[in-house]
Amino acid sequence: MTAKAFDIGTAQALLAEVFAPWVQALDLRVQMVEPSGVVLRLPSAPALARVGGILCGQAMMAAADTAMVLAVSAAAGGFRPMTTVQLQTSFMRPIVGRDALVDARVLRLGKTLAFGEITIRGDGEPGPAAHATTTYALL
Amino acid sequence: MTAKAFDIGTAQALLAEVFAPWVQALDLRVQMVEPSGVVLRLPSAPALARVGGILCGQAMMAAADTAMVLAVSAAAGGFRPMTTVQLQTSFMRPIVGRDALVDARVLRLGKTLAFGEITIRGDGEPGPAAHATTTYALL
Amino acid sequence: MTAKAFDIGTAQALLAEVFAPWVQALDLRVQMVEPSGVVLRLPSAPALARVGGILCGQAMMAAADTAMVLAVSAAAGGFRPMTTVQLQTSFMRPIVGRDALVDARVLRLGKTLAFGEITIRGDGEPGPAAHATTTYALL
Amino acid sequence: MTAKAFDIGTAQALLAEVFAPWVQALDLRVQMVEPSGVVLRLPSAPALARVGGILCGQAMMAAADTAMVLAVSAAAGGFRPMTTVQLQTSFMRPIVGRDALVDARVLRLGKTLAFGEITIRGDGEPGPAAHATTTYALL
């Protein structure tokens, strides 16, 4: 295949094409693309904070799901239509007043199903704030 | 207890108080409040649709989490500070061009943990579009 | 197809055919078969109890997974080869010195994926002891 | 603290003390204990194989749950009474005719909740066969 590599630019462009405007409002920024995963930055923003200035869990779940679509595309060598089958997120620590880094890794890319895990950390913090696992159906 | 009941008005007001503005942009509307659960309406909106006009999964997860905070408050007789421990969502059918109805039920309200399940349907459709289970820590 | 219905006898026979001997040691007994689900009884047994006489969670997860294979078969009109994609279980209350009733329901039977939920109760107890959701790939 | 370390011997002894006999029948063997996790070996056995000689998923879930109890104990510096709140397992590849290695890591040890993830591989195989995430309540 002579296709261009799935790189940061391709991934960032995909964010603007296939996701809902409400998801695009997260302003996710692709930081890294590798064959087995991606890292996105979720910038700190008042609109995403609940009482106490804590990054809302809804935004973390949305970022996790979005990041994994890009990670599966990276692993597949380009965007593939897919649908989320399930996503399980555990919330371990709050993120307050910091960007979040969303690291999505493909655990297995099968013919019809892809599995992955996502770790979210506050930028500069050692421990994970949230951890998710997910299954996608490849269409 | 002389407290006012936790009713539709209380629940709707809570939506505007404790959730992040980005979550409030979902425009969730409380349809029903019962001792063990709530039903919210997630109005169809172009901002929530991904390619093909399909209601994005990110919005369904966010609505599920938000609905359960209200359901736990209903079961507890009033808002209680709480934090989501985990939320697992399965996506079963697309919702296209319809409002979504988000039915959140408390399965168990313990002293420190609450468990619930959420079923999301396209308005007027028989089968569930998504189903979630969740655990909250009561603070 | 002139196949016999998938009934209690068929389901009980399947338990002895396709599951591992270690799973058969749970001694699960089919109580009810319906088009959308099954109910199994997990008899109380010292071998399944951990310290304090509490039914171990491992047995509840195993019973949930096993019951759903039968429920999907019931919904499909007969046994179909399938594989568990994921299973999420929440543990809400202990079961002590009682049989457990395992109620497995198919939420959606698609062409390649089936979704279900399982509720486990102590026999005679009102509230659920455990609740699980699961996805299967139909082969 | 003058307490004896939580080491392989302590962990192996714990396997024989606090788990149900049916779980002990898995014959799990502690391979490694570290401050943040443990590795157990689940020996290949005909009793654990379903049709086709495939290690049954029920045994993998049971091993994951059991391993995490030991991992949390390792992280806490000794056995602590705890109860599983939820466990989510994804099944990615079959294990056939091989031992399974069960690697349980604590992601966060809080005051009342502990979070972890478990990766199960066929011995000698590069890719994961199953991956689980879990929450425990510390009593």
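Every chain is named by a letter (A, B, C and D) in the order it is written, and numbering of its residues begins at 1.
Just so it is clear, a residue touches a chain if its C-beta (ideal position, glycine included) is under 8 Å from a C-beta of that chain, and two chains touch if they have at least 3 such contacts.
Nothing here was measured: the structure is a model prediction, and the numbers come from that model.
For chain pairs A-C and A-D, the one joined by more C-beta pairs in contact is A-D. Residues touching across the subunit C-subunit D interface largely coincide between the two copies, over half of the numbers being common to both. Distance between Cα centroids is largest for the pairing of subunit B with D.
To fit its Cα atoms onto subunit C, subunit B must turn through 180 degrees, a value rounded to the nearest 5.
As a whole-number value, the distance joining the C-alpha centres of subunit A and subunit D reads 28 Å.
Averaged C-alpha coordinates put the centre of subunit C at 22 Å from the centre of subunit D. Once the centre of each chain is set as its mean CA position, subunit A and subunit C turn out to be 34 Å apart. Multi-chain contact residues, meaning those touching two or more other chains, occur in subunit B at positions 85-86, 88, 90, 135. Looking at the complex, you find that subunit A touches subunit C at residues 85-86, 88, 112-113, 135, 137.
Within the complex formed with subunit B, the residues of subunit C that make contact are 88, 90, 92-93, 107-108, 110, 115, 117, 127-128, 131, 133, 135. Those residues of subunit C that touch subunit D in the shared complex are 17-23, 25-26, 45-51, 56-59, 61-62, 65-66, 83-91, 94.
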